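Labels for the chains are A, B, C, D, E and F, by order of writing; each one numbers its residues from 1.
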């Protein structure tokens, strides 16, 4: 069984050295769902399109979350992100955000995609919480990754 | 129907003025769950206790996420947080993080509790992703809030 | 002649103590203009409305700039901002951003309004620079302030 | 006509992927002017030299603004800046700041130079605003860039 | 024996709740020393005055460190700093930085003074390390505090 | 005599251009000591092991300080850190933190190691200050560096 790579053999947190890993093109895709009440969903998505700046605000929150992942997740490496795409859409039960992150570097961008999706969803909650305080975020999960030693993975 | 308070009547994002709201003691509690494979759960929680620094790292991530919510969620107000508690525990399916935030101010700390719980859960994912890339975060949700005009709320 | 308040009598930078100043409601309004080529103006404002997320991105940049002024302008005090409004519009020569900031505190928010307007305009430049690298930002200037010892001021 | 590169074909903000662009040495130079009242100009520049720490504070604000551009301008890429020079000088009407930024990477540093110049000028305004609240910043503009696919450009 | 206030009775880190503590004027003073080789001390302090921007850069680093203490020290509360003074001087063996911090709030600013002094000294090291890589920082220590329940303390 | 590399020939702060320096594997090790009263040392280290989360909190503070050095030390370059190890231990007089930092890049990581050690020690002070306000931090110093033009150095 492989252990927890962020803890050394004495259980101490460290930032794993990635200096010897090959620099390759890498991509990761994550999604987050949010379940909304009918009233909140209607306020947010009204005639099928998100109202006003709502989607744009969540999109920027996701992009900035991607860029600042290494500040917010203590053992993440700082990574020179080369591209980010954010897709938002309504679902029957609420909304969904999908974040695609790319880099060329020695370590993957799974955490950046997950963090961006999480902060995008948290930002949607911020917009609807006056109507639907009980809205629930989740699941947040990795959909795919490619590049690096472990190669391609799809859920 | 109450609209989306973060958008004005033309749909433009703004930071709502809270200058006229009363300064009161406020508290919010949020939780996030994470579902882990048996292997990942065992690696993380082995003999019942989280291994090494694992819980502490997630705890610090949550506390720092609480403090920096207004940087990560674009329309949140900066808030002088007065206290944060973070509880982590194993569940039959994975782990759970609960974040309690307190302030004395003109606006609530629901977003701070939600953001802290989300970033704590994302940090747990970071620690297990080498074993269980498919782990899922959620639900993330508000459990309770008190203080302010809208008073007490419990899920 | 009043001196430069951020330098002490030996010319050394300090953060002026505002602990004795009265806590009052304060507001400041600043604007920034940007001059664009016809081609860039048309790409940005096409049929009279800014395209897609363009205005929303600039609005978020301005709001976040307001919140983080004390990080970017070395001698500014951290201030608990209570509200921010951002108005963007086309002008015959390009575009204009107006930022209104409110707080209740011991010091004014002129710098927050100016910084938000500047960063909003810089963000507009970022969006058009592929078309109009020579676009010019300015003037950026305070339009009004109220509250505090010096009371109301209008340009 | 080339479109707005930061918006996709549906108008959604994204961070353009630069992973395929060549890594080359790049440089950008931007300037910002500030117009001051005679009184403010005299307080700042007295006998021809900026007083005390005034220039140094603006210089540090510009350098830090360069380094943190990707945090403040939502769609900018994080860039490993390799060098920054900041020149400040008095002008007949006020002051001028020029910022030169260098990197070796897949994307240019125009935004870093513009953001650094803007924040340096905002910091000068912060120092004189007690004397000259009406001081105006601008123009802020790119003077030159080199490196990358589009090669050299001069105003 | 009083325990470690940042750990609860199970040893878990938390941010102590200060919501019930009285809001009072508070001040803290800390110092940091740095021991330099004769060559480095001469390069830095030449004719008795620090050269060029050297002192100003360290001063700004200290002020910004004071403002951002709650980001860098995980369990510190965000505090609305009202004033900061930084004094730098040469010593027979190197240099000394003294940082005075003031706030009006429910908790003290000892950590802000200590962090500012530490980061100011680290910045001086940065300036001399090309000449004197072996320079040593320390002691860094609190000199005095006043305000709050525990009142005045002097070393 | 070599001058202060962060100041140009007119004494102005700049960020030295490292674009022409070779990209090599680099490592730096720094330590910080903290002297504690017997009571504080006992509270922190009781039966020989640091209590609860104490060491983990300091470790995270050090790792995050390493990653954010270029924000806190004004003239430091942003550096893509590839690995960080933090060792904490009790000493007869208090405690010691050692920080090892690695990168592959054009400039060294001495400042990152020093900043991480300083912020880790400041965080330990934060935990004991309720018991031992007079605790002293220091010396903080570089122990070793390798890589780059100047090669290996050991204290």
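The rule is simple: a contact is a pair of C-beta atoms (placed from the backbone, for glycine too) under 8 Å apart; a residue touches a chain by one contact, two chains touch by 3 or more.
Keep in mind that this is a model prediction, so the values were computed, not measured.
**Student:** Identify the chains in contact with chain B as well as chain F, in label order.
**Tutor:** Chains that touch both chain B and chain F, as defined above, are A, E.
**Student:** Would you kindly say which chain has the C-alpha centre located farthest from the C-alpha centre of chain A?
**Tutor:** So the chain farthest away from chain A turns out to be E.
**Student:** Comparing the two chain pairs, does D-E have more C-beta contacts than D-F, or is it the other way round?
**Tutor:** D-F is joined by more C-beta pairs in contact.
**Student:** Where the CA atoms of chain B average out and where those of chain C average out, how many Å apart are those spots?
**Tutor:** 31
**Student:** Centre to centre, by mean C-alpha position, how many angstrom separate chain A and chain B?
**Tutor:** It comes to 15 Å between the two C-alpha centres.
**Student:** Just how far, in Å, is the C-alpha centre of chain D from the one of chain B?
**Tutor:** 36
**Student:** Among the residues of chain D, pick out those that touch two or more other chains and give their numbers.
**Tutor:** 12-13, 53, 55-57, 59-60, 64, 68, 74-75, 78, 80
**Student:** For this structure, enumerate the chain pairs that meet the touch criterion.
**Tutor:** Those chain pairs satisfying the definition are A-B, A-C, A-D, A-F, B-C, B-E, B-F, C-D, C-E, D-E, D-F, E-F.
**Student:** Help me check something: in the complex, which residues belonging to chain C touch chain D?
**Tutor:** Residues of chain C touching chain D: 1-7, 10-13, 33, 35, 39, 42-44, 51-54, 56-57, 60-61, 64-65, 68, 71-76, 110-111, 114-115, 118-119, 121-123, 125-131, 133-142, 145, 153, 155.
**Student:** Mind listing the chain E positions that touch chain B in their complex?
**Tutor:** 8, 12-19, 70-71, 74-75, 77-80, 105-106
**Student:** Flag every residue of chain A that touches chain D in the complex, lowest number first.
**Tutor:** Residues in contact with chain D: 25, 55-56, 59-60, 63-64, 66-68, 78, 80-87, 102-104.
**Student:** Show me the residue ranges of chain A that touch chain C in the complex, using the header's touch definition.
**Tutor:** 53, 55-57, 59-60
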